[in-house]
Structures are given as structure tokens and as C-alpha cells.
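The following blocks contain the structures, represented as C-alpha cells.
Each of the next two complexes has chain A plus one more chain, namely chain B in the first and chain C in the second.
Entry: the complex of A and B
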């Protein structure tokens, strides 16, 4: 492995043009990842035709690098302005933005930079060591029933995040799950809750919903404070997390690497589920669950480690089997095909040099996150000094463009403002915005896999329990649910008796 | 089966011009065409009702590149995925019918109109510029499968499972896949559970990993798995054996007497667009089909195995025949045809 890695590194850094492409990918991914509305996918779509004039290794390497740095880029705006650059950065905002409001933006951004790099590098190393066996294990053992069980397991802790009580947390998650059912059902294509509007048949897109619930509702909240004289501008916190602070969360980092890697390796799943599951597991194993969603450093660490850990993992089914894990890896298939290549087992035999340049580039791209991230962070934090009356319209404008640009539908802009208003009202009542977003995203993934799984088990739900991974995840999720309900009932009785 | 056999005459149009492809010869001889009153003086917009990474997104990109390559007219692709193509179609019908807006769509538009006639008819409400991909479907198994190795042994094995066998496809209500599977199950008397995967990767991964027993797909979409020796076709749903699949029996050879439904992708303009602009667009897109870059793309997708080209008249025949066939099948399936 190390010889191949050295050869890939040499090939990467011995040609000035290849180095230039690498640097362009690193910077471009970070930039497009950080701007709400546009994303690494936008950049990839723009660049796709130009990859025809690159060598196959340069083309695939460029996309792999964009994937690594683009996944990290959205964390910055999530932390500073409550605007996740992409759905996989949404859990980062759960605690990152409250930390900014508390004057701890430097710690949050620093942790995001460091943990993105750690997650990405660890993932790249495992990818280099065991691509083929891992890919084969995943497709043989993980099917729709297991993915549904995984989502159920993740949702079981969602009620703990951000709500004033566990009941309000559950109501928030249920609202998200209901929103996720809008649009065509995932297996039969039957329209649901579209009320005759064609555009609603496509469902509620993640990006406008996230921008509305997070960014727009936050502007309403701050505007209200401004109008009532209670506005308190976020303080610019320049202190980075110390080594000891990160070391104290080493278990969370390792856990998120494992969770992120597991989610990333599943074809068609990718970094979004990884981030939400990484965050959910942090909550599950914490003794201080109620602190999540209110500015807990471990929330940022878990989410950012997990989503970057999914990047290397998502390359595994792509390279070993030709199965892309998400939209960007699907575009990589097009890059391969432009050069008369097909990702899959034969690439390892026919083009090993290409594989190792890509592996090496992903490793160094994740390291670049660390160095460039730490250098740029000090500058970026000064954006917080922009007065609210200038910042708020800029955020609204960016969010509006970001909502519209994905599908070119006015519906998405309406959804964004609607989510903003609903989010504003629900926050005042103590409901959980992270819970709603968790419900929407995990609901869509979960429902699709549940429906497919039910077809596979011939609509016999008990067959789920004959699959060991399913059984473990469903039992663990159920126990978490019961423990949460027991705790909530106990808390309600104790309040009543006082 | 009687209902389906009765459709043969109507559906014959589908297959009339869809024999195995011969050597490529461009049907549009004129290499240039004067722009009518300077049209187009700016970039065209191509609405694509699916995402950029799937089959429709790729064919849209390849055709846009080909048309731009020989006309110097830029084409901006506007992807509007969702609702099985209805979101993009609705957006297109609301766009100005000035010739600057064109639409990419697949046979789903025809089947949607067949089920609900209030939906746009691609042969009447739109003018097909060119259909540039026509392909057939096949049933695949893993190459290392030992429980069955060919179609007869597969049917025998499926019957022995008592409805527990599974096949992965895109079995949306009324889709080409679901209708064809009904043809197959009715003809063979086998009962098989269809698992609907809307994305390719999980669908192919399900067969590779043994989560399902077979896969219903078009050959171009699984070419890499065929080239790598992962998948093996055991049934071709087409009236004759295409040359590259000469050792794979057709459904008719296996005793299934129905006319195959074809998957096709094409490009359209609104029927109210000015006639002279439509003519120029027809030339530009039909000539685009002939470009080396587009031909290479089609070859990479197994889209040169049968004749993939239909000009406007050929496309209208293809669409009309499809609509009639779908409508009759839907009625026979007891679906609510509007």
C-alpha cells in the first residue's frame, strides 16, 4: 500500500499542471461549499465538460478533491450564520451557531476544521487499505431493511436535541417526518399531499427547508430582538480549541469516523446521513443530552468528523464496484466515461496509477483542510463584525438565490420563507428546529428504504428481525426510545408533584 | 395474454423501424442551414426533467455539446427533477414558445399522457426535434449465479419459490418496467416480487450483493457490469436478437407473445413555436445526432445496438404507437385511464 501511495504522491506532485488542478480543486471546493445555494455539485457540473481535456487521472482527482473540501466548506457558514452550505452541514449548525452567539465562534470553526481533516484523513487511509473487501461486504450485508433500521436507530435520539421538553422534541421530529411524506411515494410514484400542484409532486427539497428553518427563522428572531432593543451582536471569539479540548472528545471523534465511514460506504447514501447519524450518536452516548442544540462543542466535532469520514468511504463502492454513493460520485462516473473508462473492479487492474493518484490526492486534500482552514478562519471570523442591518439582507438574498437555484422552482423560495416563518413561531414555543430537519432528512431516506425493505421481505415485518444487523439496530433504537419516554414521564411527574 | 396479443398490430409501429442497427449514415445531408431572421441570436435553454448525473442528464449534455459544436449556439441546461418528469414538463409548457426553449424527455411523457390525457401529449402538444436514443430491456442475473443460469431455469426456480423471488427495477405505477413485468409474469405464470429502486446505484448494488435475485434494466445502463463480467443477460425483450447479444434469447423465443415496450429519449419544442424556427431546430438537433461526439456517446451506452434515430415523423409514430399500447394495457390492468 505505502509503495503505491508514494507512487501516487509522486505522480501528483511531479507535474506542475496536476498540482495546479489539485490546488484549484481544494480552493474551489471550499468556496463553493461555503456559499449557500451553490455547492460542490454546482462547481462539478460547471467543470464536467472541461475534464474531457484533462487526463483521466487529473479529471477524477479534481472531482475527488472537490468532494473532500466541499463537504467541509459548508461548515463555516453553518457555524457563523446558521446557514449550512449543504444538507450534510446542517447538524453542524445545531450547536455551531449557538456557540457563535455565545462568543465561541473560533472554537467551533477550529473544531470543524480540525475534525473535518481528521475524519477525511482517517477515511482516506481506510479507503487505501481495504477498498475492495469493504465494498463487497457492504453490498452483501446491507440492504434496504438495514438502512431503514439505521435511520430508525438515528431518529430514536432526535427528540433530545434542541426542544424545551422531550415531548416538544418528538412533536418536532414528527412534523419533519410528515413534511418528508409530501411528494411522490418512493416506490409506487403516487402523489401525496401535493393538492394538485405539480411542483409539490417533487416533494420538499432539503436545501430550501434547511435554509428556511435555520437562516430565515434566525433572521426573524434577531430582527425581533433588534426591534425590541434586546439585540446582542455575536462576539467574535478568536480562541481556537486547545489540544486538550479536542483530546477530551477523542471518543466522539473515533465514533464519528466509524459512523461516517459506515454510512459513506453504502451506495446511494453518503455524507448527509453520515453527519446526522454522527451527531445522533454523540447525543445518544452523552450524559448531558439536553445540552445539545444549545452550543455543545461535541456536536460540531461529531457532525464534521462524520461527514468528512463519509467522503473516502463513498469512493469505495464507486471505485470497487462502479456504484456511486451520491450525486457528486455519480458525476465522477461521467468523468470516467468521458475517457472511455468505467469505474469498477477492472479499474484496479487496468488503471492502478489513476486509482493511487486519486487516493493520494484525497489524503492531501483532507490535510489541506487543516492548513488552509486554520489560516483562513481568522479572516472569516471578522465577517461577524458586519452590522445586522447589512448582514440580514445579504443572508436573505443568498438564501433566496440558494433556494431557487437548485431546481429553478419558485415553490422552493416559497418553502424557504414558509419554513422561516413556521420555524420562527415554533422556536418561540420551544419546539426543536434540529428535530424538524432531522425528521425531514432521515424521514425521506427511511421511508424509501422501509418501503423497499417491505417489498423484499414480502410485507412480513417480522422478517426484519431475522436479519442480524436489522435486529440489533431496531432493538437498540427501541430501547433508546423507551428510555427517553421513561425519563420524560418521570420528569413530568416530578414537575407535577412540585 | 389475449389482450396483449391484440395489441400487436398497433404496437407493430414501435418495432417497424427498430431492427438492429447497421452502419451509421447521417440522414441529414445539409451541413449548414441559414438562421431564420437571425434565430437563434442568443443561447437556447434546454429543460431537463431529471438530474444531471442520470441517463437523461447525460444524453442532454451530449446532445447540447453536439449541437453547440456544429452550430456555435450555446445551450444552457436547466435541470428540474422530480415527480417522474412532470415538474420539468410543467415548467416547459409554461415557458415562452419562442423556439429558445427546448425540452429533453423520455418515454415517461408518453406513458403519463396515456394514463391521463390532460397531461401534454409529446406528439401533439410538442414537436419532436429528434429521438436520439431508443433501446430495449433485458433481465440480468449475477454471472456467478448457480441457482439458475438461463431464462428457463430462472423461471423454474422462481416458480418454486412461491412468490418469494425478487427482481429489482423502477416499478413506478404505470411505468414501462411495471407494464413489461406484467407481460412477463402473465406469459410465464411465474410470481415475482418487484423491488422498486429509483436510483441506479442501489439497484445494481442489490443484484451484485445478492439482495435481489434478478434485475430488469436496459443494457446501456449496466454496460460496465457486463464488460466487467458481473452481470449476465438471460432474456432480451425485443423482437430479434441484437448482434452483441446474439446468445441471449428474446422473449418471443421463450414463448412470450407481446410487443416490447422501448425506452426512448428525445428532444422537443413547443408546438406553438414559429415554424421557421422549428425547422432550424429540427436540422440542428437531427444533425447533432450525426456528430462524432454524439455517436461516440451513444456507442458507449449501447445505444447503437438497435436504430436509435427517429426524425420528427418517426418520433411521432413511435410516441403515438406507445400511447395506444400503454393505454390499452392500462385498461387491461384495471387502471383509471383518463
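Entry: the complex of A and C
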């Protein structure tokens, strides 16, 4: 492994043009991740045609680097403005934004930098050491029933976080699931809920939905505060977390690495569910559950470690099996195809140099997060000093461009602003915006895998749930669900008896 | 009651429209409607659960819930008509801007949109409104049109379309200078 890694590093740093692409990927991923309204997906979509003029190794490496640094970059806006740069940064905002309001933005961003780097580097190391055996294990043990079961578990975790009651948590998730059914059904390709709009046949793209529910609704919330005289500009806090503060959360870091890696390795699941589950597990094991959502450092640490731990793991099904784990890895498949290559087991034998340049680049990209992140953090924190009346139009326009560029549809911009208004109203009523977004993202994946699983087992539910991993995940999800309902009913009874 | 009513209407609309695509799929027993209808049934059950919870607790946060920022527990009272008007303006302006993108285009409508949002957010100094509007417009055009060549809506109505065409021609001439 180390010889291959050294060879990959040498290939990466011996060519000035490849170094330039690496640096561009690191800076571009961080920048697009950190600018409210656009994301690493926007950058990747813009760059995709240009990768045709690069070598296959440079093209795939560029996207892998953007994936690592963009996942971190989105945490900055989540912490500073409550606007996650990508869905995988949504749980970071739960505690990161309250920390900003309390003048602890430096601590939150510093923890995000450090833990993103730790999660990413750990994930890159495991990826280098065990891509082939892990891929073989996954192909033998993970099928559509397991992926559906994990989606169910993830949705159960998401429903337990964010809404004012378990019911509102589930209603948010279910609203997301029903929005995800708009467009063609994943089995027969039949148009559903297009309400007479032909553009809706392609479904609701998740980028406009995310931008609307997070970025636009946050602008509306701040507008409401301005209008009612309750606006309070966030305080700039420059103090970073000390080594001891991070060390005190070492168990959360290790747990989140494991959770993130497991989620990342599963095709279609990726970093978003990893972040939610990392956060959910931190809450589950904590003695001070009530403090989550009110500015607890461990919330930021858990979510940021888990989502970056998923980045390396997401490359395993892509490179070893040819299965993309999310939107960005799907674009990487397009890069392979542009160069007449197919990701999959043969790549390891036909183009080992490509694989090891990508592995080495991901390792160094995660290390770069640490160094560049710490250097740039102090500059980024000054964004908080820009008066909100000047920041708001910028964010709204970047979100407009970000949602239009993906498919070139004005409908997507309308959907985004519509989602913003709906998100604003739902937030006021105590529903969970991250729950809705996770429902939209996982809805199609869940339905597709449920259908494939049912076809596999000839509609025999007993066989479906007799698979051990599937059974464990379904039981864990059901327990999470039942525990939430039990608490809701229990609190109703105690209130009634009083 | 209103909240529950809205959710019930959503369930009814989606259930009614599900008959539009109620076709069998040869390879899949549950067809195209199976999944959405199960989700709707669960949504209905959750709505009933929420209704009974809210009857007892009102809109209070359930004990032990996590991830709820203070921001999300709004208690804004809209007795001040001016505040209501301002919020409605901020909510409506982006939506109108989005609706106008197809006929008028991004290039023409954007400066007006920027200025309007800045004013709605309370800025009254004319120099600042104009200066910041020009700066944001220039930065966006510089980044997305000149550097990234990203295609943005041009509009389909004269003279707005002609304005977009002029901007794009200037961009092409600028690119050719390099």
C-alpha cells in the first residue's frame, strides 16, 4: 500500500499542471462550498465539460478533491448563517449556528475544520488500505433490502431530530418523501404528480429544494426579524477550540468516523445520511441530550467528522464496483465515460496509476482542509461583519444561479423560491427542514431499493427481513420510531394528569 | 385546526391525483401508486397524532426533542401592519423575480431585484443602495458570465431580450480581446 501511495504522491506532485489542478480543486471546493447559495455540485457541473481536455487521472482527481473540500466548505455557511452549503452540512447548523449567535463562531468553525480533516484523513487511509476487501464484503452482504433498511433507519433518526414533536418530525420527513414521488416512478417510468407541467416529469431536483428550504427560508426568517425589530447581528468570535476541548470529544470523533464510513460505503447513501446519523448517535449516547441544538460543540464535531468520513468510503463502491454513491460521484462516472473508461473492478488492474493518484490526492486534500482551513477561517469569520441587507440579495442571487444552472429550467428557480416560502412557514410552525430535505433526497433511493428488494425475494416479507444487516437496521429504526412515540404519548399523559 | 386542515388537504390532493397514474407495472406488483399511497397513509396517521398532541400541548416543544434552535420557535406578533407588509414584500419579491425570469431575463431584472431587496431590508441611503447594487451586479456578471460562461436566462420579450443579447455580445468581444 505505502509503495503505491508513494508512487501516487510522486505522480501527483511531479507534474506542475497536475499540482495546479489539485490546488484549484482544493480552493474551488472550499470556496464553492463556503459561498451561500452555490455548492460543490455547482462547481462540478460547470467543470464537467472541461474535464474532457484533461487526462482521466487528472479529471477524476479534480472531482475527488472537490468532493473532500466542498463537504467541509459547506459547514462554514451552516455555522455562520444557518445555510448549509450542502445537505450533508445540515446537522452542523443545528449546533453551529446557535454557537455563532453566542459569539462562539470561531470555536465552531475551528472544530469543523479539525474534525473534517480528521474524518477525511481517517477515511482516506481506510480507503487506501481496504478498498478491494470492503467492496467484496459490500457486494456479498449489501443489497437493495439493506439499502432500504438503512434509508428507513436514517429517516427514523432524522425524524427524531429537529421538529417540535415526534409527529412534526415524521410529518416533515413524510412531506419530503411525497415531494420525492413527483416525476417518473423509478420502476416503470410512469409520470407521477406533474400537475400538467411537462418540466415536472423530471421531478423536483434536490439542489433547488435544498437552496429554497435552507438558504431562502433563512433569508426570510432574518427579514421577519428585521421587520419586527428583533434582528440581532451575529457576534464574531475568534477563539479556536483548544486541543483539550477536542480531545474531550475523542469518543464522538471515533464513533462518527465509523458511522460515516459505514454510510459512505453504501451506494446511494453517502455523506448526508452519515452526518445525520453521526449527529443522532452523538445525541443517543450523550448524558446531556437537552443541550443539543442549543450550541453544543459535540454536535458540530459529530456531524462534520461523519460527513467527511463518508467521502473516502463513497469512493469504494464507485471505484471498485462502478456504483456512484451520490450526485458528485455520479458526475465522476461521467468523467470516466468521457475518457472511454468504466469505473469498476477492472480499473484497479488496467489503470492502477489513476487509482493511486486519486487516493493520494484525497489524502492530501483532507490534510489541506486542516492547514488552509485554519488560515482562512479568520478571514471567513469577517463575513459576519457584512450588514445583512447587503448579504441577503447576494445570497438570493447565488441561490437563483445555483438552482438554474443544474438543468437550465426557470421552473427550478420558481420551485426554489416556493420552497423558501414553504420552509419559512414550516419553520415558524416547528417542522424540521433537514427532515424534509432528507426525505426528498432519500425518497427515490428508498422506493427504488424497496421495489428491487421485493422483486428479489418474490414479495416475501419474511425473507426480506431475515437478512441479518437488514433486520438489525429495521429493528433499530423501529425502536427509534417507537421510543419517540412513547415519549410523546407519555408527556401527553403526564400533562393530562396534571 | 388550520394546520391540521392544510395537511389533510395535502393528503386529499395527492391521493386524488394518484388515480391519474394508477397503472399496473408488469414487473412490479405494487405499481406506481403503491409507494406514494403508503407515504400518504403514514402522513395522515402522523397528522392525526400531531392533532391530538397539539390539542393537549398547543405548540409547545415536546420534552427531550433535540436540534431545535431558538430561531425556529417564532413568536412574532403581526399586529403592526407595516411589519407584515415588509415581510410579505420580502417573501413575494423573489417569487415575482423568478416568474419574470423567463420573459424579462436575468440580466435586465437583476439590478432592480438587488436594489429592492436592499430597500426591503431597511437600507435607505440612496448612494449605498445604488453602489452596492452595482457592485453585486458586476461581481455576479464577472464570475458567472465572464469567468465561468454559465448560461443564464436571457428572456424572450423585446426589448429585454435585446438587452441580454447586448450584454452577451459585449462579453464575447471581451473574451476575444484575451
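Going forward, the second predicted complex is superposed on the first by the 382 of 498 C-alpha atoms of A that agree within 3 Å, B and C clash if a C-alpha of one lies under 4 Å from a C-alpha of the other, contacts with A are read in each partner's own complex, and residues count from 1 in each chain.
One rule holds for everything that comes next: a residue touches a chain if its C-beta (ideal position, glycine included) is under 8 Å from a C-beta of that chain, and two chains touch if they have at least 3 such contacts.
Everything numeric here is computed off the predicted structure, so don't read it as measured data.
Engineer: Can A:29 be said to touch chain B (first), chain C (second), both, or neither?
Structural biologist: A:29: touches no partner chain.
Engineer: Applying the touch criterion given at the start, work out whether A:140 contacts chain B, chain C, both or neither, answering first, second, both or neither.
Structural biologist: first
Engineer: Once the shared chain is lined up, is A:317 touching chain B (first), chain C (second), both, or neither of them?
Structural biologist: In the superposed model, A:317 contacts chain B only, not chain C.
Engineer: With both complexes superposed on chain A, which partner does A:333 reach: first (chain B), second (chain C), both or neither?
Structural biologist: It touches chain B, and chain C stays clear.
Engineer: Which partner chains sit in contact with A:208 here, chain B, chain C, both or neither? Use first/second/both/neither.
Structural biologist: In the superposition, A:208 contacts neither chain B nor chain C.
Engineer: Which partner chains sit in contact with A:198 here, chain B, chain C, both or neither? Use first/second/both/neither.
Structural biologist: The first partner, chain B, only.
Engineer: Which of the two partners, first being chain B and second being chain C, lies in contact with A:400: first, second, both, or neither?
Structural biologist: After superposing on A, A:400 lies in contact with chain C but is clear of chain B.
Engineer: Once the structures are superposed on A, label A:450 by its partner contacts, choosing first (chain B), second (chain C), both or neither.
Structural biologist: After superposition on chain A, A:450 lies in contact with chain C alone.
Engineer: Tell me which touches more residues of chain A here: chain C or chain B.
Structural biologist: If we count touched residues of chain A for both partners, the winner is C.
Engineer: One more residue to check, A:227. First (chain B), second (chain C), both or neither?
Structural biologist: In the superposed model, A:227 contacts chain C only, not chain B.
Engineer: Based on the A-chain superposition described above, do chain B and chain C contact any of the same residues on chain A, and if so which?
Structural biologist: 187-188, 190-191, 408, 451, 455
Engineer: Please name which positions on chain B make contact with chain A in the complex.
Structural biologist: Where chain B meets chain A, its residues are 51-54, 58, 61, 65, 78-84, 86-87, 90-91, 163-164, 166, 171-175, 193-199, 201-202, 204-206, 208-212, 223-225, 227-228, 230, 300.
Engineer: Could you pull out which chain C residues touch chain A in their complex?
Structural biologist: Per the stated touch rule, the residues are 3, 7, 10, 14, 17-18, 21, 23, 25-32, 35-36, 39-40, 42-43, 46-47, 49-50, 52-53, 56-57, 59-74, 76-77, 80, 82-84, 86-87, 90-91, 94-95, 97-99, 101-102, 106, 110, 113-114, 117-118, 120-123, 132-133, 136, 140, 144, 148, 150-153.
Engineer: Note which residues of chain A are touching chain C in the complex, please.
Structural biologist: Spelled out, the residues of chain A in touch with chain C are 46, 82, 91, 94, 97-98, 101, 160-171, 174-175, 177-178, 181, 185, 187-188, 190-193, 195, 216, 219-221, 223-224, 226-230, 279, 283, 289-290, 292-294, 299, 387-390, 392-394, 396-398, 400-401, 404-405, 408, 410, 413-414, 416-418, 420-421, 424, 427-430, 432, 434, 447, 450-451, 454-455, 459, 485, 487-488, 491-492, 495-496.
Engineer: Which chain A residues qualify as touching chain B in the complex?
Structural biologist: Going through chain A, the ones touching chain B are 45, 48-49, 136, 138-144, 183-184, 186-191, 198-199, 201-203, 267-268, 317, 321-325, 327, 330-331, 333-334, 337, 340, 342-346, 407-409, 448, 451-452, 455-456, 458.
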